[in-house]
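Structure provided below as structure tokens; questions to follow.
Naming follows writing order (A, B, C, D and E), and every chain is counted from residue 1.
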Amino acid sequence: MTARPLMDVRGLSKAFPAPQGLLARLRGEPRRAVQALSDVHLSVQRGETLGIVGESGCGKSTLARCLVRLQDADRGEVQYEDLDVLRLRGPDLRRYNRRVQMIFQDPYSSLNPRMTVGQMLREALSVHRLRPPGEQAARIQELLTLVGLPPQAAGRYPHEFSGGQRQRVGIARALALEPDCLIADELVSALDVSVQAQVVNLLLELQERLGLTVLFVAHDLRLVRHLSHRVAVMYLGRVVEVAPTEELFRAPKHPYTQALLAAAPTLDPARRADAPAITGELPSPLNVPSGCAFRTRCPHAFDRCAAERPLPTDVGGAQVACHLYSAPDSAVPG
Amino acid sequence: MTAALTPAAPAAPRARRRWPKPTLLIGLLLLALLLIAALFPTQLAPFSPTEFDYNAILQGPTAKHPFGTDNFGRDVLSRVIYGTRIDLQIALFTTLFPFIFGTLLGAVTGYAGRWSDALVGRVADLVVVFPFLVLVIAIVAVLGPGLTNLYVAVSAVGWVSYWRLTRGEVLTQKKAEYAQAGRVLGYSPARILLRHLLPNAVTPAIVYLMTDMSLGILLGASLGYLGLGAQPPTPEWGVMVADGKNFMATAWWISTFPGLALTLAGVTFSLIGDGLADVLRPRT
Amino acid sequence: VTRGGQLVYGRYADSLFLDPVLNDANLDIWILTNLYDTLLQPTADGKGVQPGLASRYSVSKDGKVMTLTLRAGLKFADGSALTAQDVKWSLDRARQPDAGAWSSSLASISSVTASGSTVTLNLKTPDPTLPAALATFNAAIMPQKLFTAAPGKNDAEKAKAFAEKPVGSGPFVLSEWKRGSYMVLKRNPYYWKKGEDGKALPYLDSVRFEIIPDDNTRILKLQAGELQGAEFIPLSRVAELRSSPRVNMTLFPSTKVNSILMNNRPTLNDGTVNPLSDVKVRQALNYATNKQALIQVVTYGTGKEMKSYMSSTTPLFDASQKGYPYDLAKAKSLLAASKFKNGFDVTVLATSGSADDLALLTALQQMWGALGVRLKIEQLDAPTKTARYRANDFQMRTAAWTNDINDPSQITSYYALFSNIESVHTGFKSAEIDKLFAQSQQETSRVKRASQYRTIQSIYLNAAPIIYLYETPYPVALAKNVRGFVQIPLGNNIFAGASLEK
Amino acid sequence: MSAEPLLRVRDLDVRIPTPAGTLHVVRGVTFDVQPGEMLGLVGESGSGKSVTLRAMMGLYRRPITVSGTVEFAGQNLLRASEAQWQATRGAQIGMIFQEPMSALNPVLTVGTQIMENLRTHRGLRGRAAAERAAELLDLTGIPSPRARLNDYPHQFSGGMRQRAMIAIALASEPKLLLADEPTTALDVTIQDQILRLLLRLREELNMSVILVTHDLGVIAQTCDRVAVMYGGRLMETAPVGALFREPRHAYSLGLLRSLPGSGARRAPLQPIPGGPPNLLALPPGCAFSPRCAYASGACLGAEPPLVPVAPGRDSACVHAAALPRLSGEVSA
Amino acid sequence: MHSNYVLKRLLQIIPTFLAVMLVVFLLVRLLPGDPASAILGDRATADIVERTNRQLGLDQPLPTQFALFVWNLLQGNLGDSISLKVPVLRLIGERLPVTLFLTVYAAALGLLLAVPLAVLAAVRRNTWVDALIRGVFQVGLSLPVFYVALQLLTLLGARLGWFPIGGYGSGTLGHLYHLFLPALTLGLNLAAVLVRTLRSSVIEVITAEYVEFARAKGLRPRLIMTRHVLRNALIPTVTLLGLNIGALIGGAVITETVFAIPGVGRLMVDAIFGRDYPVIQGLTLTFAVIVSLVFLLTDLIHARLDPRTELS
């Protein structure tokens, strides 16, 4: 924790303005917006795997996309080594992107259906001039072997592959650029468990061999637990808890983390919970509750939660944004 | 693609090569027929398409004139054969510019969005709400009638459809993850647009192109009715149908055979369009 | 004859403006005389004039005074009396120099006086064309009171208002008009002319004009019995309809001549040399034109070879004119003797959409091709063609003419006189014709005038400023039970004597 | 467990002709459902779970052929007349689909879609139907149900759509509910709520449920019995506890082993190698054999049938007896 | 919510309208030939032409003419027809209803033909029924309108005598009777366009999950077809119909000519060939407004049919 992080995210915010009618605009009504990211702080250490979990719409993808500059954040700062990421332009940005690669969730739409795997890889190599044309073929073979695809795969189109194989292609394409950091957004969510394990193994192996730093965005808690060194839990655009993996799963601090862990079905038929872990729907992202966003579904909510937004506090190795922990007299729920 | 390729260990069921449906094959076959007629009219046609024969005026179909003769004694079969080139040319030239221009513009404004999109949108509005006939007649009146001017007039308007189609498709495609991947991979916008988006976004435009070709021929025929189409003695099918309308009661063959030729061309383009839609659909 | 009933007549286009003086189009002219009567009327054969509102007229010895006597008890269609004052007012209005395109036909009148039933016209010079001019639509008699009572600040506005609901003394009166769709003319109960049964004309209760622009539709409608008459039958269908049992296909003789006008000037507007300026070339083209073939191909045998620039139905047409019989050998030798023995390119302006033009020109392309003359057809829409033509920016153009006045002077002044519109913009100029024409305009002797016209026609033929083609009739298809309808050679549709028999 | 099953499926076969050839998608599927029982149907994507349910509902027509017997309350539905189907489909057997967004008609209000069911099967209309529809929404836990009746599906969140779909299926008070991956598209917290809702409704209405899923955790938490499907065939059926303790099919075993959590953190997982079988070119013998660690020559003969291997347990694995137990390996 | 959108769209029409105004004004004046030549014909002498031009104000500089045109327009005055000498507004008032009636009639007939046949083709897809339906419409789509019109006229009008040959009739019933054949001509053409789209959208909808779900609910097939399938399948058709209405109004000329219908199409052609500037200008502006409104209406109907539509 003392080493200088590879990537440091400070106060990152991003809102998507909701469509607003002309009359409303003429009447001067305030513009409503989806607050996809709200004052997010995170740091990633070199070589570590940081898991990011949270319910649908909590901003995981937006965070990932802001980090690779697919989306422009509204506020905040992202420091990558010495680079001020959010201010990079043109060639500098492309050079940064080469080092920080993203792998996408959807194995079906993330590959151009009209290019062969070989063409895709060759393009990546030649655009960034990573290999002279003569050596590209060899490098392509190397990459395919690296991700466990047969050499003939270079001549095939995406539709000729299974979902798991396509994800391998996506990984190969990202690796072609020899990045330091991979951001994997729901990399295996679309895959069957039996295939999931293959891709996860690949990721583990690559990380080992290439010393990659990985941001692993997922909603499968079991997977995140298996892969990550640390885990960040998000809720409605905010990071509510960051902790070392074992710590988080053994003793979740934030009530939302607790609920999330309780809701995940365990594989033991003997241990069945009776009551729902959490009640109520996710609030509309257009209308995030004041104070603590989770208070509307939180069994422990009290007055202060509505009035004041909790700030991240260190609680036994974890960072938790919850008033239960910020007030000295509060009792830690079990 | 190598047929010898066997699925390696963790391989998916190899998707079968999708053979073009019979529609496309028939369509291409008919097109080949039309192209032969267009390329070798001299060899195929028994008579000159323009030479009068005062001794053979308004003769019904016979062995010598299988499609009969017209009011100048010209052989209708020969005229239909010679007309193929003209009508295919109409089909091509009424759509070529709109297709290229509209598609590229649609790709660019769909991708760039903002003011370029808004500006082109307004111009498209103007073109669409402007009565087409006024425009056509105006252009024809300025440049004189004839096919070139038909092309100019149609081009001035026709690009809008392609622009719309491609723009809409690019808007959809640019949200697809492969397009975003291109950005993360550090590709330039031009590369993403031309290498990645356009090939995937152009299918509806190509399919529409086929419909548009038959519409182009029909438009030529309609303008022929108003006297603004092809010039005599050019044997153009639409004009031939229009010329034959006074003889419908007494010499049905004059308008019927070119009418059949028009239908044949329409069916050809439609079959190819349907077939292409099938073949060009990206496989997933 | 049977009285009563409505005759439905299919026209290809609607009238535009029903003012006798200010209108410009045949669409108006050809039906106007049903609404407005004139002092004299053209005879049905088009060769002379007959009494109209005036029962008789006389011309003074020196030819400078014309006296007309009005019939007794004349009334307008609203029942008000038609007086000599109306006549004076109408003629004065029609002869104002800036009133419409037709005022020149009455230009010889210096003043009009009216007293009782007598109208006196004082002339500047003797005018042999005046009786014909008085039988022409623009000299129609209008009700002064009703016209001046029409809303509007000036004559032009009043004319617009009046033309919407015209009242005249013709056999019919407008009762309903839905522009672009139909027009209904009702019988004028006060019409002066008597029918065969001794009672006042017209026989019909009403005439309804249906506007049907498409030729085929007009014919279908006639065949279905929805029309009793249809104008402008395509000549290609005449033979077919002649053999139809339900239709009476009629070809009314006309003054229509079809020709190709040539630019006779030495150079064209763009400065290039104009082969057509060579008279030998023009004659050669005329000889190379196979009129009989054209008559077969273009008019389906209904036409007639054109021998003079004026139609054979025009008064003073010279029957001894030979025209240009088809003679390819002569044409070739003429061309060989010209500066253009190897042939040349020439462009002809055609009216776009005109099937007849196209048929004609395609045929000519082939005929002249034998001479080495390559004819290019340039189709233009009518106003463009007119503009090009008026700017003398053409080599050849298709043209047709019909007389509006029953006198050869009209066509001659346009076709042969440079001073009017440069001899229909051909640029043809003949001092001799100019002189003869000026004389003929004041020549009261019909014999002398005829000989003047004979010379004019011969000179013109020899100079060949135009390609002589053919005369065509007015093709009208009528239901079998229609009697007494005529379209006179001037084109006027006369419904006064028409009836629907049982 | 009573002796007389509510549903008896025997030798269900589904063949789907495609341009590339006929897919034999469901092959000889045989199982029973007892009244009030919740049966889980697991398997990888494409293993034929949805097709099995749809075939049972009689949703397949012409070029697709369905054979075998589906006996519901003593009547073979596959031989049923259109009228009998009318009385059964939707009325006695309800079904909920995997994707609530695409399974709800986007242009009709949720209320309309519930009420057309009430009208067809319960004869309710007008106000009475609206009352009942609101009750049903309430039952599935949608707040202010009366107002929500007039909303369109896109105005609902994913969880609410799934609930609405359950409400529609329940409108006719069916005896059997076919639930095709009802929670796959949902977040864990919402999935938890929906599963609990299903459990409660089964209790209250004594419904039988067939729950299709590929999430073994969901099975573990909700079902009484499990059927494991692979390549269009049932590989194993077992009471849920027994399966997780002691899978008797190599495929079930592989599936359970490939899940994370069984080994040390960041240690390699134990995936099943390869991918799902190509239905157009099935391997000889056991469809799973090419991926199976235990495969032997015996697997390559005739396709092993589903046979009883223990009381209440069937397996189609030649090596059923030789498979190891999973002792506490699986836990989360 | 929608009023917002309507307002915005109406505001967007204004610049389009202004552009159309300028373009048509310049365009007609760019045309070779002038009104005087057009109405006076070949024989007119130079001074008569000049006089006529003066009377029409066409001797003024273009900016002056344009200013006058705009000024009159602001007062709701489109000027007088040069050849017919009546106010353009009155002409349009007389002729436009005819064309609109014909258009709506044609659209109705087109839908009436297209919907059942497209559904039939979709349900029986890839059978001979499907092939027949698509084939027949394809033939209709490949033949020029005037040819189809003449054939219908000859067969149903003249030969069988079921319908009058041309004309407009009087009274709504009369219009319906007289305009049947022209509406059918246009409707067939429209139907040919619609059938293609509708067929594929019916196929798409028939195989959609929600239709499966409706069947799983045990609904009667009729209800499924009408409420679930058709309603959804018609949504893209509405847009297509809207796009085609403009073409229908603009393309009615030939039908109007063949069937002798006094609509704006013919008025327009006559005006162009007669260089009747005020009529061309007036009709073009009217056309632009109508088409813009039709598009707006289409989008509103679309939004009505499909609650998911976000109008913006």
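Convention: contacts are C-beta pairs under 8 Å (C-beta built on N, C-alpha and C of every residue); 3 or more make two chains touch, one makes a residue touch a chain.
Computed from a predicted model, the values in this text were never measured in an experiment.
Minimal path length between subunit A and subunit C through chains that touch?
2
Does B-E or D-E have the larger number of C-beta pairs in contact?
The greater number of contacts lies at B-E.
Taking mean CA positions as centres, which chain lies farthest from subunit A?
C
Distance from the CA centroid of subunit C to that of subunit D, rounded to the nearest Å?
Each chain's C-alpha centroid was found; their separation is 90 Å.
When the centre of a chain is set as the mean of its C-alpha atoms, what distance in Å lies between subunit D and subunit E?
53
How many angstrom lie between the CA centroids of subunit A and subunit D, rounded to a whole number?
The mean C-alpha positions of subunit A and subunit D differ by 31 Å.
Roughly how far is subunit C from subunit E, centre to centre by C-alpha average, rounded to an integer in Å?
39
Using the touch definition from the top, which residues of subunit D touch two or more other chains?
Subunit D, residues with two or more chain partners: 273, 275-276.
Out of subunit A, which residues touch more than one other chain, so two or more?
162-165, 198
Going by the touch rule set out above, which residues of subunit E reach two or more other chains?
31-33, 150, 154, 272-273
Would you tell me which residues of subunit D are touching subunit E in their complex?
Residues in contact with subunit E: 54, 57, 59, 85-86, 88-91, 94-95, 97, 99, 102-108, 116-117, 120-121, 152, 154-155, 165, 168-169, 172.
Which positions of subunit A touch subunit D when the two form their complex?
My answer: residues 49, 55-56, 162-165, 192-198, 200-201, 204-205, 219, 221-223, 225-227, 245-246, 259-260, 262-270, 272-273, 275-279, 281-282.
Would you mind writing out the residues of subunit B in touch with subunit C in their complex?
For subunit B paired with subunit C, touching residues are 50-52, 54, 57, 71-72, 137, 140-141, 144-146, 226-228, 231-233, 243, 245-250.
Provide the residue numbers of subunit E that touch subunit C in the complex, in ascending order.
Per the touch definition, subunit E meets subunit C at residues 31-35, 37-46, 48-49, 51, 55, 83-86, 91, 94-95, 150, 153-154, 157-158, 161, 164-168, 257-260, 262, 266-267, 270, 272-275.
Considering only the defined contacts, which subunit E positions touch subunit B in the complex?
Contact set of subunit E toward subunit B: 12, 15-16, 19-20, 23-24, 27-28, 30-33, 135, 138-139, 141-147, 150, 154, 246-247, 250-251, 253-254, 265, 268-269, 272-273, 280, 283-284, 287-289, 291-292, 295.
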